[in-house]
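In what follows, subunit A forms one complex with subunit B and a second complex with subunit C.
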Partner chain A sequence: MDYIISGLTMGGAYALIAVGYTMVYGIIGLINFAHGEIYMFGAYFVFAMIVETSKNTSFLISLFMLVIFGITIYLFLRDKFSPLPSLALSLVGGSFLSGFTFFLFLTSIPFYLAFLLSMIFTSCLGMAIEFIAYRPLRDAPRLAALITAIGMSLILQNVARLIWGARTRAYPDQLIPSIIKTQTINGEFLTDKLLSKMSFFELLLKGHKIRIFGDTYISSLKILIILLTILIMIILHLIIHKTKIGKAMRACAQDKVTASLMGIDTDRIITYTFAIGSGMGAVAGILNGLAYHNLSPTMGYKAGVVAFAAAVLGGIGNIPGAMVGGFILGLAQSIAAWIGLSQWIYGVAYAVMILFIVLRPTGIFGKATAR
Partner chain B sequence: MLSLSQVHSYYDKMEVLKGISIDVAEGEIVALIGANGAGKTTTLNAICGVVKVGKGKIRFLDKEISSLPTTEIVKLGISQVPEGRKLFQDMTVLENLEMGSYRRRDKQEIKRDLKHVYEIFPVLFERKKQLAGTLSGGEQQMLAIARGLMMKPRLLLLDEPSLGLAPILVNQIFEIIKKINKLGTTILLVEQNAHMALSIANRGYVMETGKVVLEDLAFNLLKNEMVRKTYLGIA
Partner chain C sequence: MRNKRWLVYGGLGLLVILFPFSVNSYILDVTIKICLYMVLALGLNIVPGFCGLLDLGYVGFFATGAYTTAILVNRYGWSYWWVIPLALLSGAIWGILLGAPTLRLTGDYFAIVTFGFSELVVLLTRNWGSLTGGARGFPGIKPPSIGGYKFPLVPPIAYFYLIVLFLILTIFVMIRLSDSRLGRAWFAIREDEVAAESLGINIMWYKTIAFAISASFGGLAGSFYATYARNLHWTRFQFWESIIILCMIVLGGLGSIKGVMLGATILVSLAEFLRFALDKLSLPPDTRYLFYGIIMIVMMRFRPEGLLGTTRVKREMHKRE
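Presenting the complex of A and B:
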């Protein structure tokens, strides 16, 4: 049981990342190898905000944010103003915002706020990457864009190493609201007597282990993570199918020239796609940080490799496919760990992917709906 | 309303439009005919900014548009119904129509136009929840035109609307084009079906390998010996 829950938790994170890969592929036909790093930064931003970070480190992160904000502001302003004023304005705006983030990083702010801000920051990161690295190569050979993506991934990994160092970090427990803590009171499970007085949701919110049957308990944190993952997926589904921007995304994914003939600003839609994909990547990173307590500059690479496999498994470009693919690989990995193959979980993920590709070359849902 | 003067366009280094000049006045139906590969589609794409204008000028409503991005050109009131329909196959009929009105902010009027479009094409109303890719050829063409109309254009560019349709449907489509024009939309109609096109148009242009070789009233073109021989198949 524990393995299944763990598999679903991990699978949820993979699913959230895989959706980012698949959305970007659907719309510009590029494997965004830097997406794993976006996930990593999502986790680290929260870390930097909920703990008190040293002046030097805060300064470094803010410097990075200056670049990111500057580019993001510029990319939105350049449609309205000529290049020079846009540049000036983005420099001013970027400095102002990154100066503000300096204090956010320096001090310690509540977890929820950090969660939200991290999503915004990573969205900006995603939009900035698209603008400086991928947009100039829109019409270039695929290989050029692919190599750039790999390069971007390495650069971001090294930026993180520069800022936070290579060692593993963890969110400090006392700064995480009790709602999402794993521990039980006094480190013990609740007695049946106590349990009977509390409702399921109370338990969930109080953050204890929940007894399913007999001796089987599951951590409410993991349940919360799974529920949150599903909630985010529902929201994404609604965005894509019910909102104007979401419909425009699908239109662009199917035929960009015709979409532009409808007056859809395809570059802008691509920007939004990166923003949404990156925001979801951040959520995955943060949830993973909560569940497994290990942040490292290479975490994005590791998770990204599996999430990419999940996206391929679901039929790249296909959003529901990526979600299901993520859960399948998460479960496959935890089953592998259960039967004693914990050294091999990445191999297992790829073996499952290859098996699926051989059996169903078009992905689990047969047809790529996002194209 | 629309005027192309000495427009040149290129694919890579290959010159596809070799200095063409075309004028369309408000309220007209202008036909652009020519054999496969003459450059008709490229002409429409040059107007919409999908293909770059190398040399020459395109003016629309007294505004130079030859270097504007597609979205800006569309905003001025030009809408193209592309060759081969180019529907968003995996979206529903209604969603395709919504993409047509993507740019517009006038909610009330969009609703009215939608009703109007459904009146012209009742079959689209019946199938509004169906995926565009599952429609028949004729229905797809109707949807493509309807989507173009939802943009509320002042100038509608139609690229081979009769392509691949059964004769009865062709008649029906041309009736609808006439009707749309009567209701106030100017039309530039690209067709290989020269007879049909010229019979509903006011004026016509004949293109051959990137050049306009003939222009006249449609009525005269129908009688022109060269046109009759080459495009109408009448000796």
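Presenting the complex of A and C:
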């Protein structure tokens, strides 16, 4: 039971990342190798905001944010003004915003606020990456775009290493709201008597471990993570199927040229796709940071590969498929851990991925088009 | 004219023979590294450079070659000279096994499968303790010997000659390949797959051959690395190693033999320089990958054909689809 729950938790994170991969692949046909790094940055931004970061480190992060905000603002202003004024404006706006973030990083802010801001920051990061790295090469040979994507992934990973160092970090316990803490309050274990007095939701909100049956407890955090993942996916589904942007996205995924003939600004839609995918990657990163107390510059690369495997499993370009694939791989990994193959959990993901690519490259629900 | 050419070759040969006696063992070590990476990069170059496919798992073949050598030499007491052809063969076999089912897919999937393969190799070397020494690594690989003469590690003069021999072999094969029927078929595939197929080129066959040849050079380099380093550790064969080799090719020029050799020289020297520089700045040594990332992006954006790119690749990389 424990393994199933943690499998679902991991699976939720993978699913959220996999959706980012699959959306980008569906729309521009590129494996965005840097997506795992965006997930990592999502987790680290929250870390930097909820703890009191030193002046030097805050300055470094803000410098990085200056670049990101500057590019993002430029990206949006470019259509409305001529290049020079928009460059000047984005420089001013970027410095203003990153100056503001300097104080956010320097001080300690509440967790929920950090969560939201981190999503916004990573969305900007995603849009900026698309604009500076992928857009110039959109019509270039595949090889060039793939190499650029790998280069971007390397750069981001090492920027994180420069800022936060190579060692593993964890969110400090006392700064996380008690609802989403893993531990029981004051380390006190619940007796049956106490449990019988509280309702399920009361327990959920109090941040305790919830007894399912016998000796099996689930931490409320994990349940919340799973619920949150499902909620986000429902929202995403609504965005894609009910809004105008979503409609435009689907049109671009089907045929970019025709979509642009119908008056859709494809560049703008691609930007939005990156923003949404990156925001969801950030959520996955933060949830993972909460559940496993484990932040490192290489976390994005590891999770990114598994998430990519999930995207392949679900049929790349297929959003519900990516979600299901994520959960399946999460479960497969925790089952592998359960039967004593904990050293091999990543191997399971790689093996599943290779088998699927070789035997059924369209994934479990794949469209008939073999690539 | 012909005499002159032999004179140049003779002069170069003399330089190579005298070189190890004129430098200290640090420079010699770096030179050996450069030669090793040249072999690796030239081998990898076949796949992205000649065929236009991205291979992200090249280091997997490097690892299989290295571990094959280590196990056969130490556990079974084989002579190193007998292991070399086997290391070549092991690379080729793995290349065919992996390539045959995956090469019919588009480049992206191929890239991912090769990546998965190399990571599986790393996991195997780390976790299969009884065979590979596991997480502790594989220590004490016996040096090769000729007659009774064992290759000394300090100074590594004999190793230098060995790797130069391998390098010459590799360069020779590469030059012959790129002019051969095989090479021309690869270029045709890279430039336009559909057109190539309609001209009667069996794409799958030529791609698999390319991948197998590339993999066997990885195996060759691995077998040299095993005897030269004398101990193997799984961390040495992680994904990033493939990326460094790829970066050499991108920097020097995809598909250009001279360019790839230049790229290997520049990047190995850069790595040596950064090792000191980052240490002085007390930054983590892994941050050097930042520079590799920047090199890759800048090259792809502004000079996708590389420093010494061939005109053929240049035309192609600047072509818009």
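The rule we apply is simple: the second predicted complex is superposed on the first by the 357 of 371 C-alpha atoms of A that agree within 3 Å, B and C clash if a C-alpha of one lies under 4 Å from a C-alpha of the other, contacts with A are read in each partner's own complex, and residues count from 1 in each chain.
The rule we apply is simple: contacts are C-beta pairs under 8 Å (C-beta built on N, C-alpha and C of every residue); 3 or more make two chains touch, one makes a residue touch a chain.
Everything numeric in this text was worked out from a predicted model, so none of it was measured.
Colleague: Identify whether subunit B and subunit C fit side by side or clash on subunit A in the overlaid structures.
Modeller: The answer is fit.
Colleague: Who contacts more of subunit A, subunit B or subunit C?
Modeller: Of subunit B and subunit C, more residues of subunit A lie in contact with C.
Colleague: After the superposition on A, what does A:109 contact: first (subunit B), second (subunit C), both or neither?
Modeller: In the superposition, A:109 touches no partner, neither subunit B nor subunit C.
Colleague: With both complexes overlaid on chain A, does A:91 touch subunit B (first), subunit C (second), both or neither?
Modeller: A:91 contacts neither subunit B nor subunit C.
Colleague: Roughly what angle, nearest 10 degrees, sits at the C-alpha centre of subunit A between those of subunit B and subunit C?
Modeller: 90
Colleague: Kindly classify A:142 by the partners it touches after superposition: subunit B alone (first), subunit C alone (second), both, or neither?
Modeller: Only subunit C; A:142 stays clear of subunit B.
Colleague: Answer with first, second, both or neither: which of subunit B and subunit C does A:263 touch in the superposed model?
Modeller: In the superposed model, A:263 contacts subunit B only, not subunit C.
Colleague: In the superposed arrangement, does A:67 touch subunit B (first), subunit C (second), both or neither?
Modeller: Touch status of A:67: no partner.
Colleague: Quick check on the superposed pair: does A:154 touch subunit B, subunit C, both, or neither? Answer first, second, both or neither.
Modeller: A:154: touches subunit C, not subunit B.
Colleague: Smallest separation in Å between any Cα of subunit B and any Cα of subunit C in the superposed model?
Modeller: 9
Colleague: With the touch criterion stated at the top, can you tell me which subunit A residues are shared between the subunit B interface and the subunit C interface?
Modeller: Subunit A residues touching both partners: 371.
Colleague: What residues of subunit B sit close enough to touch subunit A in their complex?
Modeller: By the definition above, subunit B touches subunit A via 48, 50, 70-71, 74-75, 79-80, 82, 86, 88-91, 95, 98-100, 102-103, 147, 151.
Colleague: Within their complex, state which residues of subunit A touch subunit B.
Modeller: Residues 244, 247-248, 250-251, 254-255, 257-265, 369-371 of subunit A touch subunit B in their complex.
Colleague: Quick one: which bits of subunit A touch subunit C in the complex? Just the residue numbers, please.
Modeller: Touching subunit C: residues 31, 133, 136-137, 139-148, 150-155, 157-159, 161-162, 165-166, 301, 305, 308-309, 312, 343-344, 346-347, 350-351, 353-354, 357-358, 361, 371 of subunit A.
Colleague: Residue numbers of subunit C touching subunit A in their complex, please.
Modeller: Residue positions touching the partner: 48, 52-54, 56, 101-102, 105-109, 111-113, 115-117, 119-120, 123, 126-127, 239, 243, 246, 250, 254, 283-284, 286-287, 289-290, 292-297, 300-301, 304, 316-317, 319-321.
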